[in-house]
Every structure is written in structure tokens, then in C-alpha cells.
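Look for subunit A in each of the two complexes below; its partner is subunit B in the first and subunit C in the second.
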Partner chain A sequence: MSWHVQSELLERYARGDADGAQAFSVEAHLPSCPQCRGQIAALVDGAVLQGAWEGIEERLDAPRRGPVETALMRAGVSEHVARLLGATPALRLSWLLACALVLAFAAWAASRHDGGVYWFLVLAPLLPLAGVAVAYGPDVDPTYEVGLAAPMRSFGLLLIRALAVLVTTTAMAAIAALALDGLHWSAAAWLAPSLGLTLASLALATRMSALAACASLGALWMLAAGVGWHLAREPLVLFGAAGQVTCALVAAIAAFVLARNADSIERRGGMA
Partner chain B sequence: MRALSADHDDVEVLAAVADGDRPALRVLYDRHAPWLALRLARRCADPGLVEETIQDTFVAIWRGAGRYKGQGDVGAWIWGIAIRRLIDALRRQPRRQILVAEVDDRPSAEEEILLGVEYGDLGGALQRLSPQLRAVVQATVLDGLTSREAGRLLGIPAGTVKTRMMRARAQLREELA
Partner chain C sequence: MSDTTIRMAQLRKRYGTTDVVAGLSLGIGPGVTGLLGPNGAGKTTLMRMLATVLAPTDGDLALLGRDPADPDERTDVRRRLGYMPQEPGFHRQFTAFEFVDYVAILKEMTDTRARHREVRRVLETVGLGDVTGRRIRKLSGGMRKRVALAQALLGDPQLLVLDEPTAALDPEQRMRFRELASELGGERIVLVSTHQTEDVAALCQRVIVLRDGRAAFDGTPAELSGLARGRVWIADGRDERAQLWWRTAEGRHRHVGEPPPGAQLVEPTIEDGYLLLAGPAVVPEGLAA
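Let's look at the complex of A and B:
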């Protein structure tokens, strides 16, 4: 390129003193002229540019936010909580999709068979239980090591994640329940068992691994469902008044145990 | 990864960036960030927003270097990213700090200029455009923005951009005739 901006004009432009037409020609020329760009680079405050560069490196090194994290931050959740929740294995898209599929299948089955609603009711409380089982722990959580060093208490992290899992799966189960034929009280009968099982699993998790706690409680729940049906010859016996009260009672006891053992979870650095 | 030096032109450096070469991004930054900073500062009075825009631009280049198709100067391509990032950043900010703000729109100032026209040089003619008209010429002709983008940058409706551009064109044509 043969034509170049005069040094004097470049200096005035860098100071912000070039008038409109002169600035026009400088700006039209710079994108295509390495020589003038090099000349003007010497006139810009290097410290400001270095600071901006460090910001760029920081952003390139930071992990990119997932959809859950972004949505949470939009909703006003603070950044560190959003990241901890976003890293919850049971809040991954694949997990949520699997839950939705299972529920859709259960709802479909319930609408096709007379006893179908029973299977829906047995299945719905198991989903949050399974979610809590993989919510936090060395085997399933990619941020487990980070979490140990985080300024947040392990128990707090466990609770906030369990709550998030409970809320999402319950919301999905509620939607599925609404899709059931003929809205009936029984469509909500899984709520108390769901709460009871989840809280009981958290309480048990102070003594054993979350995975083992959830697996044994899940097995117990299925056994109770089978035995109840067999003995009473009435599929919904487990979800009657007595069953609901039992579940609420279990939930209350579990909450009590959980509150008393919060410190033991704390000392063990999570549910190992 | 090859070592980059002053011998490599922007297209080669950009190709290295597309391959995930972080030092190449730094080379590109050292070459282009200074003039970008100056040019952006002429369009946005807030230094913090200018810095944020530069960061957004180079993060976008890092992730989208492969989108440069070899047409036109790399510098012009970078500017196209930067000016749109600035518009995005301005949109995120409720309180706008624009250098050429929407001032009073009395036609008298322009009429005065039109009355004093005696010359035929483009530089002078541009100079005699009212600040509002010149800002529109700058955004659409120099920065290559659409009427809508220019409107967002200047904080005025797209229709106003179009009418001002028509007025600026008429004025320039008359002065240079």
C-alpha cells in the first residue's frame, strides 16, 4: 500500500482530536494497513490493553456455563450456587430426559390398564430417590474434589442439591399426574411417599453411602408395594390414609435424625 | 504448533487461532486491539464498556475464527465483530452513554450550514454535516451497519437513521455539485 496516514494525524486521532472527516479517512484506512496499525499501537495505553487481555484469558479458561447454570443465573440465583447446582449429576439434561421418559411411559401405561395408575404411584416416588442417590458423592460428582475445598458446608451443598432434585422431579411427576385419565385424589398420593423416601434416604446417608441408602430404601418401597397389594388384594392400600400418615411420620423422623446428624456429615466431609 | 512471528500475515495467524493456538490469539490481539480500542472509544464514551467490548470481540474470535472465509481484510472482519458486540453491550446497559447523543434536532443548524456552502471538497462537506447526520453517515457508510444496527448504536429509531441518511446524502450531493 502506497498511501499512509501522516504521523501527525495519527497522533491527533489517537488523542481524540481529529475532526470528523479526518477521523473518517483514518478509520477507513486502518483495517487494511498493518503499517499504520503498528504505528498507532505505540500511541495506545499498554496497561489498559494488558488488563483487557488478562480478562480475555480468564474467560477462555473458565468453564462454559451449561443450560441449567445459565437458566438459574437468569432466575437470580447467585453465581457460585448456580455452578454447584449446575454440576449436580441429577440435573444433567440426560438425567432429566430419562425421568421425563419414565414418567411419560408410566402415565401412558396408567391410561391403558385399570391397575396402571398403581404403577405410576409406585414409580413416581422412586425418581427423586434415585436423583438424590447421585446428587453428591465421590463416585458421581465431577466437582466433588472442588466441593470439599469450597467455602460452602458439605451438608449445605447436599441439602441444596437434594432440594433442587426434589423440586424438578416432583414438578415433572406432577405434570405427568395431570395427564392421567380422570383427575382423582390418587393422582397426588405419591407426594407423601416421595417426601418420606427422600428424607429417609438423606438421614440414612449419614450412616452409609447415599447410593446404598437409596438402593435399600427403593427396594424396601417396592417390597412394601408388592406385599401390600398381595395381602390386602387392593392395589391402592399403600396409598390410603394409613399409608399417607406412615409416610409423613417417616419424613418427620428422618428430618429430625437429619438435623441431629448434620454435624457427622460435616465431619466426614460429605457422604463418603 | 508453529511459532508465529511478524512474518506471518493476519490470515495465517487467524488460521492458527482457528486451530486453538492461544499465542496466535495474543499476536492478533497485539496487532488489532489498539486501533479497535481507539475506534470503539469514538463510538462509546464509557471506557469500561469499550474494554468489555474488546474482550467480547476476542473471545468471539477465539471461538469463531473458522468463520473467516478469506474475503476482505482480517481487520475489517474483526471490526464487523467488534461494532456488533458494542451494540449488544449497549443494549444490555439500560443507561446509554453514547458520544453522539440525541441532541436537539432543530433544522436551523443544518440550514445555516447549507447557506454557507461555497466549496466542493468532500472533507469539508463531511465536516459541515451536523453531528447527528455525520454520526449516521459514520455508522452506515464507514462501519457498514444496517439502519437497524445503526439505530441501536446511536439510540434512535431505524426510520430516523434512514431519513437522516437521505438528508446527509442530499446535503453532500448539493455541496459537491
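Let's look at the complex of A and C:
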């Protein structure tokens, strides 16, 4: 190297006062000149340099945000909660797409056949239930064991994931309901059963795995829908006033059980 | 001053009618303690109880002066605990950095910048600073083990429970692990469950041998190898009187047991002591006399 950057220019560069062309020239020169690098090293504030390195590392290492995580952050969810939710199987795009397809098919069937709305109403509450089943637990979360030993409460994690699943699938079902022929009250009759079943699954999850709880309740719901139709000779009997009140009651009782047994999911998972 | 010990009294874990851990009473302080034992001896069950992910059926357990049966005290223990399970699970689409970052969130590290700094620190500590952005499904088995170890080191825990941390590591990685565990064991409790007697000899100040859910031995590695002093001999052929024997790489036979008169006694290793203690349960069928 036959030339070196003048000390005065190095000082200005280190202060951040060099103009664009000068800064470019210094930066092109430094990688090939140990002497100038040594000279400028003494001029740079260590804290500033450390901050710059951290900034670079932060950009290189920063976790990639998936579409769900990005959407959650745009909706105001904090970064760490969005990451926890982004790892939820029931909030992956593939799962949401499957839900959308099921709902679209149910809405299409409902508009093509007499009594088709029955199938839509039976199906819609099962989607959040299926989502909760694969939201958290030893069978669906590979980090379950590590998570159990972490200070974040298992119940809290299950609750925020279940809430996110419920909100997402409810929004999707609501959009699908708008596609049904004519806006009749029955188009919203799945809401109370959906809430009741989801809360009941969480309450049951204090006694058994979320997967088993959701599977049992799903089977029970299908059975009740079939038996109700058969006995009353009216497919929508389960969705009438009495059915809605029952579902609301189930939701209230389940919420009460949940509040009282907040620690039991964790205890059942390990410290029983 | 905070309590930095583990205390258990008549600790028991029963599955059905079998006591997998059968009334253990131990106190464990700072330093590296190794847990040895054949498969089914209760090592992993004990480690899971000490990591607060499994509740004892009976007995008393205090971790760092806290009762893990109490929800608040359990959370307090978990804030000072690092746990590496025997078979750690991963979200395989995550990179090494993303996985450790995810666990850091579960460990209540909510400040993004500080959390990422800590994630970088632990990944560099286990020698994975160059592959932080590589997806876990593309990492080798040894690298995945180190990712699992990295998450256990988050937050500089006082109690480290490491279940078979050296399985799948190559010799160089095992050396690095021993060095790291040795450094960590200064003021912390580091519990290492392993099948590798040489790991115990190299890094543990204390070794506990479990057999059928009970502590068959509790002492230093030197004391464990000392159990076999005068009871290990080499001969050209197999000696039926030995408790255990195996053919060495040189084609001779190493025996453990009561030596016959005139036997060529050799210096015992920690493995000899362990085999003598654990008996035929740890030796493949056919090798035990």
C-alpha cells in the first residue's frame, strides 16, 4: 500500500462528519490497509462500534416472520406473543387454508340443498375445536417438554393459542355464513355452540389432554346434533332458543371451571 | 443468601405397581454430579422430577430451597432452571436461532434486543455461532444436541439438568462439552445423566449410580473405580469364575469379579467399578458369566 488516509480525514470519518465521496473512499481503502485500520480503531468509540456490530448481527439473525406472525404484529400483538402464536400448528397457513376449504364446501352445500344449512351449523363449531386440539400438548408440540420446564405457565400458553384459534376460525366462519342464501338468524346460530364447545374443551383439558378433550366433545356434539334431529324431526332443533341458552350455560360453567383450575393443566402435564 | 441445593427424602415415582424411583434420599450441592445406571434404572424419571416436569408419587423434594409442588415456588425454580431432555423436540422449520429464541420467550425474556443478545451468547457458548441461521432439519445429530444444550443455558441458570447431553456428540464435541460443564459447575448445580463412564471420570466431582430406582453408589469417581481395585484381571482365555468378562481389542480377556489365585491384576477404571456394581443388568447377554 503506497498511500494512507490523512489523519484529519480519518478523524472526521470516525466522527461521522466526512461527506459521501470521502466516506466511500475511506471505506474502499480500509479493508486493504492494516495501518489505517489500526489508526482509525483508536478513534472509534467502543460503545458505538459495539452497537454497530449488534445492529448487523440483529439483522442477520433476526427470526423470519411468517405471514401469520406478521399479520398479528400489524394487529397490535406484541412481538414475543406473535412468535408464540406463529408456532401454533392451528395458525399455520396450511391449516387455515384447510379450514377455509371446509367452510367454503359447507356454505356451497348449504346453498344447494334443502336443509344444507344444518351441515354448515354443525360443522362451523367443530373448526375451533379441531384448532384447539392441535394448539398445544405433548402430541402436537415438539417443544412441549422443554416448555413445561420454562417459567411461562402452560395454561397461559394454551389459553392465548386457543383464543387466537377461536378468533381466527370465528372470523372465517362468519365470512362463510355471509355466503349462505338469505341472511336469516340461523346463519349465526353456530356462534354460541362454537364458544361453548371451545370453552368446554379447555375446561376438560384440565383433566385430560387437549386432543382427547376435543375429540370427545366433537363426537358428543355430532351425536347431539343427530339425535336432536331424529327425536324432534327438525334438523335445526339444536340451534333454537333452548339450544342457544344451553350452549351459553355450558360456556359460562366451563369458564368458571377454567378459572378455578388454572394450574391443573400444568399439574396434569407434569407436577400432578 | 439463596439456597443452592437439591434435597430429596424418600422420593418415589410409581407407574402402576412399579416403583421406577424407589425412595431416594439425597442432597446435591453445587458442582457437576453424574448419574449413571443401566436402562430402566430410573435416571430419566429422576431427571424429569428434578426438572419439575414430572411430579413425584411420594416423598419430599426441595429444589433451590423451593417446593416444586407449589405453583408459585415451582415457577420460581423454573426461572433458575435449565433443562435438556433426553430427546429434545424441535420445530424443524425453525433455524437454530429461531428455536432458541422461541424457548427464550417461554423463559419470560420479552425484551427483543436483550433476548437476541442472550440467544447469540448461548449459541456461541456451544460452538454454533456460525450456523445460527441454518434450519434445524439440516443440522447433524450432534449439532441438534448442542442446540438443545444452548436453550438450557439461557438466562445463566443455577440448576442445570442435562439428560444424556453427550449422546450423538463426536469426541471433539464431547471434549468441548466437558470443558463447558466443568466451567458451569463452579457455583451451579449441574446434573448430568449419561451412559458414558469416561464423561463421569472426566468432569464429575460426584457420581451416583442408580439401579432399580435406588442409589447403589454415591461417591467420587475415584471411589467408584476403587470398588474394583483388586478385582480386575487380564487373562488369555475366558475365566468362568469371573462375575463379568469381555474380550479386549488385543484378543485377551478382561475379567471383573473375585480373582483366582495368581491372576494378573490390573488398575481398575471407573467403568470396571460401575460394571461390578451394576452387574449383569448393564452387560449384553452372553458377556455376563
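Worth a mention:
As a convention for this text, the second predicted complex is superposed on the first by the 193 of 272 C-alpha atoms of A that agree within 3 Å, B and C clash if a C-alpha of one lies under 4 Å from a C-alpha of the other, contacts with A are read in each partner's own complex, and residues count from 1 in each chain.
As a working rule, a contact is a pair of C-beta atoms (placed from the backbone, for glycine too) under 8 Å apart; a residue touches a chain by one contact, two chains touch by 3 or more.
Note that the coordinates shown come from a computational prediction; the quantities given were computed from them, not determined experimentally.
By the touch criterion defined above, A:83 reaches subunit C but does not reach subunit B.
In the superposition on chain A, A:204 makes contact with neither subunit B nor subunit C. Contacts of A:32 after superposition: subunit B is touched, whereas subunit C is not reached. Of the two partner chains, subunit B is the only one that A:20 touches; subunit C does not reach it.
Contact with neither subunit B nor subunit C is seen for A:129 once the two complexes are overlaid on the shared chain.
Of the two partner chains placed by superposition, A:102 touches none, neither subunit B nor subunit C. In the superposition on chain A, A:238 contacts neither subunit B nor subunit C.
Using the contact criterion defined above for the overlaid structures, shared-chain residue A:121 touches neither subunit B nor subunit C, since it reaches no partner.
Once the two complexes are overlaid on the shared chain, A:60 sits against subunit B and subunit C alike. Overlap of the subunit B and subunit C interfaces on subunit A: residues 60.
Partner subunit B is touched in their complex by these residues of subunit A: 13-14, 16, 19-25, 27-28, 30-32, 34, 37-38, 40-41, 43-44, 48-49, 51-53, 55-56, 59-60.
Contacts from subunit A toward subunit C in the complex involve residues 54, 57-58, 60-64, 78-80, 83-84, 87, 141-153, 157, 263, 266-267, 269-272. Residues 48, 51-55, 68-69, 71, 74-75, 78-79, 81, 83, 85, 88-92, 94-95, 97-99, 101-103, 105-110, 112-113, 115-117, 119-120, 132-133, 148, 151, 161 of subunit C touch subunit A in their complex. By the touch criterion given at the top, residues 9-10, 22, 25-26, 29-35, 37-39, 41-42, 47, 51, 54-55, 58-59, 62, 73, 75-76, 78-79, 122-124, 126-127, 129, 134, 138, 142 of subunit B touch subunit A in their complex.
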